[in-house]
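The structure appears right after this line, and notes come after that.
By letter and in written order, the chains are A, B and C; residue numbering begins at 1 in each of them.
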């Protein structure tokens, strides 16, 4: 691959680069279009009922994804409620209180944690977490430790490293001159963090939260192993905590189940599966885009 | 004094949060080491699986994972460098550049299972490959792309403008500047980005479970069509589900430990250049 | 002779293997402007930052020796650096403006000290802005963002912010290097006025400025004290 040639306007490197880049873009478009196209039949069948109906019985051609949407959001919500305070607290400690050497060590530990595969988290969820949850919830008459709550707790641990790294980056990059000016006025470390560092970096921290949320919504393997994979778990009262301690199903776990293989022969069933994938794609992409925009706003605010 | 108390309290609470996060790592490593170390032996790595995981080793699982990540890297590298060059050299408008980065972030956020479904439609069914190592490799390449590209873009952005201007001032054309300055710099980003990305991608189960891997019955691939591979994460995934034979127990944990060590090795190697530059800074 | 407000005793500061300050000893009297001059890297800023324990905030520094403030040692377990920095204020080379209004900026430090009631803040702000010779220019736009001020005004705002805390000493680290000549002259005149009640320690690389503004000047080179104008060559 060489673009050398004095006097030649044509550059192989440039054409190859543009070509490959276009390929990548086309692939992304292909994914979206393919999903949209393949999901059409179920949309024709159910219309908006696909999103609002609560019953999924594929043998009777009933496809209501609402319980799975609930499952995805519930699991993600539990994960965020648990991970956000711990993650932001840890990020604050790392960015503002730790001396340089320890900070380096901590960041290495978090980086390693971020690389742990989902299947390993799932395995530990089965081994450790499931039993702890079962024991803790025994008096509520649960069938097992597999539940939306268990999945949420496991997810909280999984998104923690991402959250900490991104939030720490945002906090660490608050200009030193501002922090020193505040300390020079006699503000304590905590006051500086609360009144200077966080107000400056809140957009970056919010972006970190959103990106972690996106990951929580899309995670499949670990959730699959501890969520119970029970369809049609639609809560009688949306805000009651009861459904959390029972088994459930999320959009991602449905996709990872054996039903996906079964579905392929049947156009409507298959389009329902793809429709679930489309819903998941929509939710995660929206969160990711908002997170990126907020993050960019944060970076621009700095300069 | 009230302010001092609040300061100490805040410091203590955030320290506790950091401790929780760090101890998670300790728990994970500790649990897997404790249960998996007994399975680790030379034999474990060099012998193939027998009796559905209860005995034997994980030779072909390691081979399968290696094939998948090598394919992913080779497929991803030219595209990542291309996008890096397009972003850093050929695109003029900031507007388009930001769009490129946004697309990369979106791609990075796409859940792994959706790549699996996509792969099912395109590779398994439409192209008629059945389960194939190549499908897995290509899908993993897609997942790898954003991480590697962002690393390359960062490297390219770090090139001092003075170098470019000096080269242009010497009469080099754009393509020559690309070859002389941009490409060499990108390789560093390619390596670091790939190590970080491969660490993540090596452990992915969702993209390959429908498209590239099976639980038993494969050794090395023999072509493209109907050539699945065994893989470390899928092996763990299957054995982990309800009906796993306790006799296979320590092999399962041994596999998990192997995967964990592999992933950590990639991460640590990727960290070395960053650690070196960080330590160097502190000696000023 | 009255006791000095700050007394430096054999102060040495090391960073790794580099020596930033080497056994510096000097006395700074009450009131007036005390100058610290010397070439780049001589240790002037380091010495300045030792007075309000800002050195604590730079990781990896080793401090030996002692600095006494009103006769009591500062580098001691019992000293609260945050409370100290309310009594010894600091002005930096680049004015640092916080987001918010001019009023919010002036009261930024004193708001947290707990020494002034909320309803007294406007009075404190006005007095500080007057002392910084900025009141007339901003009195009608206190609620406007502080970023609308010119850089010379911003620096005076930073000074007002420090004054609002009622410090006994103000440390100034090259406060006029980022300013144009007119603003520089304004700040120099201001320093002269303030020095009647407050002790000011001024780091500058501009000998002319030192001669104009300072009552006493100590010159540093390579971390060591060279001489103090006004005394003979003997070191204190």
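FYI, a contact is a pair of C-beta atoms (placed from the backbone, for glycine too) under 8 Å apart; a residue touches a chain by one contact, two chains touch by 3 or more.
This one's a predicted model, so the numbers in the text were calculated from it and none came from an experiment.
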* Asked: If you count the C-beta pairs in contact for each pair of chains, which pair comes out on top?
  -> A-B
* Asked: Of all chains present, which has the mean Cα position farthest from that of subunit A?
  -> C
* **Whole-Å separation of chain centres (CA-atom averages), subunit B against subunit C** => 51
* **Centre distance in Å when subunit A and subunit C are each reduced to the mean of their C-alpha atoms** => 49
* To do: Please compute the C-alpha centroid of subunit A, do the same for subunit B, then give the distance between them in whole Å.
  => 17
* Per-residue overlap in subunit A, given as positions that touch at least 2 other chains -> 100, 188, 191
* Asked: Which residues of subunit B are in contact with two or more other chains?
  -> 3-4, 7, 282
* Where in subunit C do residues touch two or more other chains at once? -> 59-60, 82, 112
* **Contact footprint of subunit B on subunit C as seen in their complex** => 16, 59-60, 80, 82, 112, 114
* To do: In the complex, go through subunit C and note every residue touching subunit A.
  => 52, 54, 57, 59-60, 82-86, 89-90, 92, 94, 96, 98-99, 108-109, 112-113, 158, 161-162, 165
* **Complex contacts: residues of subunit B adjacent to subunit C** => 2-4, 7, 282-284
* To do: Flag every residue of subunit A that touches subunit C in the complex, lowest number first.
  => 99-100, 177-178, 180-188, 191, 195-196, 199-200
* **subunit A-facing residues of subunit B, complex** => 3-4, 6-7, 10-11, 13-18, 20-22, 24-25, 27-28, 31-32, 35, 78-79, 81-83, 85-86, 90, 98, 100, 102-103, 105-114, 116-118, 120-122, 125, 142, 145, 173-176, 178-179, 199-200, 202-206, 209-210, 233, 236-237, 240-241, 252, 256, 259-260, 263-264, 266-268, 271, 275, 278-279, 282
